[in-house]
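Chain IDs A, B, C and D follow the sequence of writing; residue 1 opens each chain.
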């Protein structure tokens, strides 16, 4: 019984953020994740690798061991461990620790290939959104983006058509003389660089007619950037004030969260969210 | 009679997207169009042309034959074929197949000049907007853009005046010393590159006064980008909820679509949209 | 009396756009202005000047003579010519013809210095806004911009402070090693290029800390572009539907326009806008 | 008593902007601050320093002496000088004069290090917001930004995650062959340059797959710029018309301002804002 209560408490600390201890845990975890990703980033620089390679290796192992303990605790305190292990965050949590262990067996090889997997552990940071005030804000943004998804798809689709046609025209105009427009895909790349107003300048038109066409493309890009903005602003006006209060509880059976404040059962699997204290004692 | 029914069914499949078969047909066509345009794009790259030139030629002919069959079916199932042939999509459909046949007679020559016509077949993809959920969204966007057309014209007109005057001033300031401002048209090109915040960097001011003026232009560009955004957002708020339900039927007499869900006659030519089943049998 | 009526009719044609003849006059004038500015622009290119210098000279004189006739007619049909001559458009109209005459006396010299004055004749094009449908749109845009003037001033002021401080910091960081940051004004120029997302790339940070600071500046610029957009969108929502019907009449006494449709007297000088037809005959 | 009245009047002039003299004082101060910052900026240029070094030195001392007198007057007229000296503007005011005095003792050394402190005196310009019409506008902007703070934090947080992951992927793709992607931090810098549509062009993708990924990043950046715009526009619509009338009085006890027009006591320390005239005489 005592063990069960311990499990309950640990579950509350590591999965939720409604208690002070739960909040502290989340903040410490956040700091550790950010530090471990910073380590991965700096390690990728040849110069830092040469100067502090040993320190990075030790730090990496410290972070991995801490994350492993956390992962094991998460598995232990969840009632249906497999459901957690196969949930989105469960997989991310596993991917945060696996690469370091794998480097033992694959030493010297593929260290670089794992870099991307190590960086993905940053996704775990999204758990910070559990922290109070950001919960509603993030939800509202997400809802506005979801609501405008179809319109943005249509817009991006039209933009794609536009850049392909512009690219093909520029390929015809400057393809023969300008190295940068030597194939349609490159010309399309240039059209995207121009239309989105990024403007690297690695490929630029040289002929008068090419420059004239570019100027047109820029003005089009400058004008149609208004479209996604209009879409999102609109949806935000609509979704405003529709948000409902949620808390940070995570179901102990299926590890999914997003439950309303007054919910007693998990809305995904029906599991009891908070076992009554009386029965426990 | 049986043949008539077949024609009716084929018309429904290739022109409309309300039936499952019609939807599948549209999706397959979409994939074929995208693939054929990808082929054209990759073919334009000298390296790919050298390595896979033969494959591209075969693919191009396969796509052309499929599109030809589709074009003939469209002509056959439409009651007034000439109206279809001369409609916007009729011409696009013809332009999608013509270039390949023409290359037989004009072999070796002008292959590159046809590339732009081949890419235009991408416009056929706009038929995908018939696919359910995008129908209303596209309409709403189009309505908002049409409603803000006059305001955007006024805005673009003012921007054009602005860039010409800025270009002339920069030509006076840096024209003598800076190769990039050697004529007013080039200076106007630079002004557009700067005002739209594209910023290639192929032409940049070198003198102090030139850099000061550029900085002003950038800040103006940064501030007035708000104008088209404000216009479109506004119109979107207005056009919202004004859209009415449309379906994907296309008239068999004049091949135009955009009919309301409860329409029985084509609103353009008056032709009957759905001949009653009883009479058919 | 007949002469007076002629003057009345000419005034109506060249100053207003409510009659068909007035509209045609405006459109022809618009085309002439655009063509004459195009001539000035192309003339500035050394190559075109060499090849077509003579043609440009002839064209310039043709345009100047037409504009001179128009200017004289404007003076003649206005009841108080000096008021017109000293009005905004009166001065622009004079500046459109003066440079060509002055080149006779100052031949060989200063031709380039006049180029900017010649381009300014483009401002005359703003008379096109008299043309029907653009009248209200332009007014609405202008009203929204005037209403948001104070807020945009505050915003641009804050941006100016920001770029100066960012420039000073970057001068300290990279001033010694990077040619592009050799003085604060240059560093401020870079800060503006970066914050407005123009990004020429003629000056770029080289050190790690410089690149880190740039990244911050970019993200700030990316976020605060929302501010002017928010301001203008807001004001547009407010000014919407407040516009009142205006026509294109210009007072014959003081040459100012913008009178309401039902106005009988000029709201600036009190002069009668339309002398009753009965009295005239 | 007379001295006390003088102090009262001087306090009103230098701290407030409701009287004509107070307004003139603010405008003169504004001009002096801008001039002194311009001096600092130009001084940083090696060429100007060589040509006008002596003039700059004299100007700097003139500005410093004027600002010192102003600072002493501010201390003298405030009832609790320490509170003013330790307030935000009190520290800025001190920092505006200190560097020049310190250069006497530290001559030849560190002159450059003080440049940033000298530029910070520009922050004093924010006092111009006291000038009538800008007061409400600035407040409204500030309120809208504060209200959207949480949403913008969430947005910038998501953007940070995005650029790190994009950077890691690009490091894997082009890290080996392209100098610009030699470490993850540099690749992240590139991702920020691209996503914010700045596009310096100092680091650009060279491989086909890298260019394809860049094109994706640009289009994402082009689309999500809508998000902060939507947020701010929204909040502006909400905060509109909520502003309340404030005047420019500053408390003589604690030197803080922002008091309502009808306030009699300072809302921060409770000190009397305007001592009754009768008692004074």
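Criterion: a contact is a pair of C-beta atoms (placed from the backbone, for glycine too) under 8 Å apart; a residue touches a chain by one contact, two chains touch by 3 or more.
Just so we're clear, the structure is a prediction, and the values are computed from it rather than from any experiment.
The greater number of contacting C-beta pairs, out of the two interfaces A-B and B-D, is seen for A-B.
In this assembly, the chain whose C-alpha centre lies farthest from chain D is B. Relative orientation of chain C and chain D, expressed as the C-alpha superposition rotation angle, is 90° to the nearest 5. Look at the contact of chain B with chain C and you find different residues on each copy: under half of the numbers used there are shared. The mean-CA centres of chain A and chain B are about 33 angstrom from one another, to the nearest whole unit.
Averaging Cα coordinates per chain places chain B and chain D 46 Å apart.
Across the assembly, chain A contributes 155, 185-186, 188, 197-201, 225, 229-231, 233, 237 as residues in contact with two or more other chains. Interchain contacts join each chain to each other chain, per the touch definition above. Interface residues of chain A facing chain D in the complex, by the touch rule stated above, are 37, 40-42, 44-46, 48, 112-113, 115-116, 119-120, 122-123, 125-126, 128-129, 133-134, 137-138, 140-141, 144-145, 152, 155-156, 159, 185-186, 188-189, 192-193, 195-202, 225, 228-233, 235-237, 240.
Residues of chain C that touch chain D in their complex: 150-151, 153-155, 157, 161, 164-165, 168-169, 171-172, 175, 182-186, 188, 194, 197-201, 204, 208, 211-212, 214-215, 218-219, 221-223, 225-227, 229-231, 233-234, 237. Taken together, the chain A residues at the contact with chain C in this complex read 197-201, 229, 233.
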